[in-house]
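Chains: A, B, C, D, E, F, G, H, I, J, K and L, in written order; residue numbering restarts at 1 for each.
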């Protein structure tokens, strides 16, 4: 493909900056979905049932927003990259341990993963304020969902 | 977790052999789902619409069977591993190119990926014939679906 | 509970100011839902059927946004308070009269209640512009719905 | 409205006694719905997920029966009153504490609230036996549901 | 058919008395459904739309309870009779005028019809208290629905 | 109502002739629905289940077309009349016997009723060919359904 | 479990008497569901299809009411017992023969089973009139359904 | 496109005459849908709710038949034309006033629009009787729906 | 079966002529459904996906109308014949080639098949104008659907 | 098409043998679907309703498995052939008689058809055990369904 | 019934052996469903909600497979026996204790019950390998589901 | 209507500027919906099916947002104007050619129309930043959808 087939509604500078924010978000969300699935399959303990179920909902959330982010990237003329190799190279999600994990360890790890992603997203909301309000709107929506998820996971750690 | 929390209905030898077949299938299917999504986002060309749609169906197929395979692995007392790092280390799916791809190149790459996976699956059907008929039944079902998908993708290459 | 179990993605100042805006909105919406139900049960007159139905839709709108506002409050680390006593103490909804009410009096009272809430919400949109864009986005969405409802109720007063 | 617009199928004495039973039940159910929502938003702890979900179901139960009770009140020619101020003045639901609450404290408070309401409802079933069998039938149905809920909440306190 | 094919769980006296109550209710409900349909087709006036719609809901209510009443009659060993000729001979619904009717006249006629049926039903609730509690329960349920409908129709006459 | 509130797209002669065809069809269909319900409640015998079920489907067919016919009557400016008294006075459906009936007697009676209605409808299709093609189209559709029903009922009489 | 974990809204005498009525009903309904399934699998004959289908509906009815009865038992503080051994020891359903059965024999056996259960239920309705109106209401509802089923099964024996 | 790509099942004369009838109907229906939407957005007055709702149903009716008419035009080998410019040039719908309109004025205007379209459609039913019975069948169906709508809108003008 | 079990609403001449038209249409539609399925399974080429899908929709259309035609045949007292042998002996659908076919060849063959059937159907519409308007109405509806399908298939041949 | 467009996961010998088994099954299932439809349209007698309904379910079963068999054939690189002519030439379904058939004769013929197909399928299960386990799995599933159907049809012949 | 009404596709030896495997599985599954219901009604403790819910899903699983096993038994010409008495006499499910049980005791008992059934099923898979591959396929599917359930219940015992 | 019946939550300047942005957007979206329908009906060529389908989805998108824009206009006290004449006078959509169009020409025209609208919408997002954040939020959402559509249409032009 000799020439980019998709044109952009943004100027070159805005396109590059916005594209970087979207690509980084895409990778974070794909890794969140893989991590949540890994946790979903490997959780054990008294609270197995509810944690197992919630992890599937988190996977769906991550997958759906990954799709929206990749579509937005295309819409501004940037090819999105969500391959396994790219995820390993640039994800912001902390490494999840191998093997079965207790329910409490699982919850703790998910809370930490969400905290890391939220902090990165809030920085990107600021960056896109000057480059593309449409993209910013999407990042605000994702942040709202992840912060809500963060509360619901963290609430289970209270004792 | 000092001790495996899940016991197995199989003897030790059968458990290990069957577990290997399932773990390898899990990684193949997760990588197929990531590859199909990557292709879904990056396809361009006259046949964009139908290829874009079919790739989402292929992603769903791969995701659903990955879930069944991981559950079966747990059921025989083996912790499944589907993390990004594991996928990169052991997947049998050929590397998909970066950047936007034409519809024909996309179809050709998907046909090749399916061929590779089907060949690996047929070998595992033979192996599990002696170790676990229940797992074999699942692998037969996955093979049937992938061979059907292979026909429907390959049919588009005829001219 | 000796220590707040939910941490906040916001700094302390932003958390307090945003929390106040959310708590005030929560109380307004709960009282709107109670007022709409009271009106729903007590309306009489030629237009009983359509007014009775619309009041139930308004109740649903108020209840759904109350839920989202309370969830957002938790997400920024503030415990929401929606008890009857709190509603009586701090709601911005004008007192609705006791006993059966004619359809026109009912419509007039609802239009007045919506006007009061919209004005309060628009002030909170300005406040949260500096403290939390995610909360602001939610308040904008609620305002859009209440302003739409305001038009549809007011349209019935034209003669 | 100079004159009551809704006539009654009951005699004056029966209408007043039945109306009192319905009005008291209405207030109890509205306060139960507000209390359950408050608890829904503020629960934390290991059992967050299931308690959070059950509280929403309890809210729905309370809201639906409040609607039926208010409709029955209208049907016998008595205007129902479900405003926040009326709820604060006459509810039989024990005060729920402010701020986040542990899951066990939440369950204990809900069990106590249901016990209080059931006792009041059983007294009203006896009263309406002489004044209106149709209303009694509704109160029996509500009692059945609350007693079932009481069992399911109390079962979680066993250790 | 030389001999009644359906036996009864009731003694002879209870069967006859209960059967009479059910047969009279069946005829009233069928005539209510025909009257509501006639009104549905012939209403005109500013409130056409809502009155037209409500009359269809009243028809459905009447038809569904007619079915339940006829089934209950069979269940106690009495053949139900709902033919047009029987309806004309024994219905308690006041005659509805021919030709198009204004919305207000229509509402007034429906309120009168409901009042007549409710009074008859309340007498039958008392009668069946001694003959069959199961049938009484059904009559109480029908009365509740018709009294609710009576309020909603009458509410439209307030001015 | 001093003056007909609904105007007609037809000339006076066409309106009267078409109106007569529709009014006669309306009465036939209402009586068919009452007869089918009577049979539905009173059928007994080895084939109870299927005959009972089919009679409810026939009732639905008759009720739906009665609605369409009455609406068409209004559309050409003729007030439809479907009251019990009118049905007794002018229906073309043969009288159905009182009391429980065997399944075979029931089927035979329904076949006869359908034959009578079909013959009357075919005459009205011819009449409306000159007065209103829109009405004729509706009568053709009704005839098609009743002739299909006639086959399905008659097929059960073969031995 | 040293101490009953579920308290009762009833006094001790009422609790015991009501509990006995519910336990006996529970066993009857479970055995009815097993008997209906046995008949469902073993029926043969010309009427196979409709009898096979109806038996599944009867199974569902029995299962659903068994659930409601067990829940009511818990609600009054009595542990329900529905184990196979308990069913064999105390059910009131007549023994169903082994092996395939003709459709007519099947219908006859089901009618007899329903008659036996209805008679036992009517006695329990009387007993609970003095001990718990809420439980009585449930028994009335079950009786209504079983008496309706009794008519529909018996109707098939008429010839 | 040098040559018409769609062949016709009709002869040339029939194709032209039928095509003219369809093209004129298409434009009328598109303009009806735009007019109904304009009225839907601009209606005010006591009956706002029901008129607002009915106008959306009329829009749907007009849009669906426009689609069927355009498809039929293609099926006989005539390219349909439904652009805004074409609608302005050849529609038979009377001009609707600018700005908000009272509910009664809105109803009156819609009745007038329907009357105009019905008259034009009835003429086309006659024309197509000789050119294409398939097209005539579609025009008859549209006329039936619009005449039914005409009655329901006109019924609201009676007083 | 010594004697035809289904009587006819038509005279003998009309019955025979109409029956012939229906039997010929039945065979055409069954063969169309078999041909469309054969094409569905054997199509290959760039447009595989959309052609494969459309052929299934065409199969459904053909099957549904075959059912309606066979039912209509019964309704006029003629036994329908849709066996494989009958289809081979009298179908008007051109022979479809064996083996995989390119998408363009497939589309061309389907357009030709539809053209052949439409021409035969139009002749039968004329014939039944004198023998049975109800059957004619069904043939008109089938022709409308096949002519619409013809346009949609032919549109794909334009270049 | 000069060269087969679909490659096979099987070796040549396995492909041919498996392909023959699938082609023969395809023809049997298509003929079963046509035969069941013919029977569905032509059945008469007391049991018309249930037999008519079951035949449609059998048609659906046959059609769905025909689709799966044809898809499997493509998946192993063999073009499936399901044309009317092929069905007549190679089907194993016994010839069904022309004209209306009594219900008992119909049931007897269907039982015989199922017996013939089951015997042929069981032979193919053995053959494919050595050539393709994936295809064998599909044939086992089809056999299970047809043997279940065989029981349900045969059960109706018992007396 | 003098003679078995259902013939078998199997030889006598295979029929007896396969029939024994199916009958034993049927009894195990029915007892599993009764045991799961008993546990569902009697569980108490912190995890009441999720255990209560899972037990209902297990009941559904057991009931559905019991149905499939009984149908398969009929399909091979063996009358299935699922009466309470038969279950008590031959079930392989360990006796469940009377009275309310803690959640942990409940989970432990269910894990033990599943282990017992899985071991018995795996033996039957081996037996049916020589007698009926179709039955074996069903037993493999049931084993897969029970082993998956075993993992999910056992996972809750990890600490 | 002497006086505007709908009041505004905005000051006069903001109301006028925001109203202009909304009115211009309304006209653009209505014309987009008419243009997409025109294209939907007139497209021909190899890609007919997918282009035909996508154009209907684009029509729905345009219609839904037109509704939201008109409602927002009312909510700020400005009467929306969407009549055909207004559309012709002020739309920003390029003129679409008459007659059938090839698929590629159709895609090219749609891409151009979307580009024109997106550019106009981005200007209005800037304008409303100072006048009404609620309206801005709606325009951002519409822009996101149109830019996504623009990518998906443009992707089909790559070769």
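Here is the rule we go by: contacts are C-beta pairs under 8 Å (C-beta built on N, C-alpha and C of every residue); 3 or more make two chains touch, one makes a residue touch a chain.
Only a predicted model underlies this, so the values are computations on that prediction, with no experimental measurement involved.
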Touch-network distance, subunit C to subunit G, counted in steps: 2
If you tally contacting C-beta pairs, which pair wins, E-H or B-K? B-K
So, what's the distance in Å between the C-alpha centres of subunit G and subunit D? 32
Between the Cα centroids of subunit A and subunit K the separation in whole angstrom comes to 43
When the C-alpha atoms of subunit C and subunit K are each averaged to a single point, how far apart are the two points in Å? 53
Multi-chain contacts in subunit B, i.e. residues touching at least two other chains, fall at 1, 5-6, 44, 50, 71, 74, 100, 102, 137, 155, 158
Pairs of chains found to touch, sorted by chain label: A-B, A-C, A-D, A-K, A-L, B-I, B-J, B-K, B-L, C-D, C-E, C-H, C-L, D-E, D-G, D-K, E-F, E-G, E-H, F-G, F-H, F-I, F-J, G-J, G-K, H-I, H-L, I-J, I-L, J-K
Sites on subunit I touched by subunit J in the complex: 1, 4-6, 30-31, 34-35, 37-38, 41-42, 44, 66, 70-71, 73-74, 79-85, 87-88, 91, 95-96, 98-102
For the complex, give me every residue of subunit G touching subunit J. 43-50, 52, 100, 102
Can you name the residues of subunit F that touch subunit I in the complex? 118-119, 122, 125, 137, 140-141, 143-144, 147-148, 150-151, 154-155, 157-158
Quick one: which bits of subunit G touch subunit D in the complex? Just the residue numbers, please. 1, 5-7, 9, 71-72, 74-76, 133-134, 137-138
Using the touch definition up top, name the residues of subunit C that touch subunit H in the complex. 47, 50, 53-54, 152, 155-156, 158-159
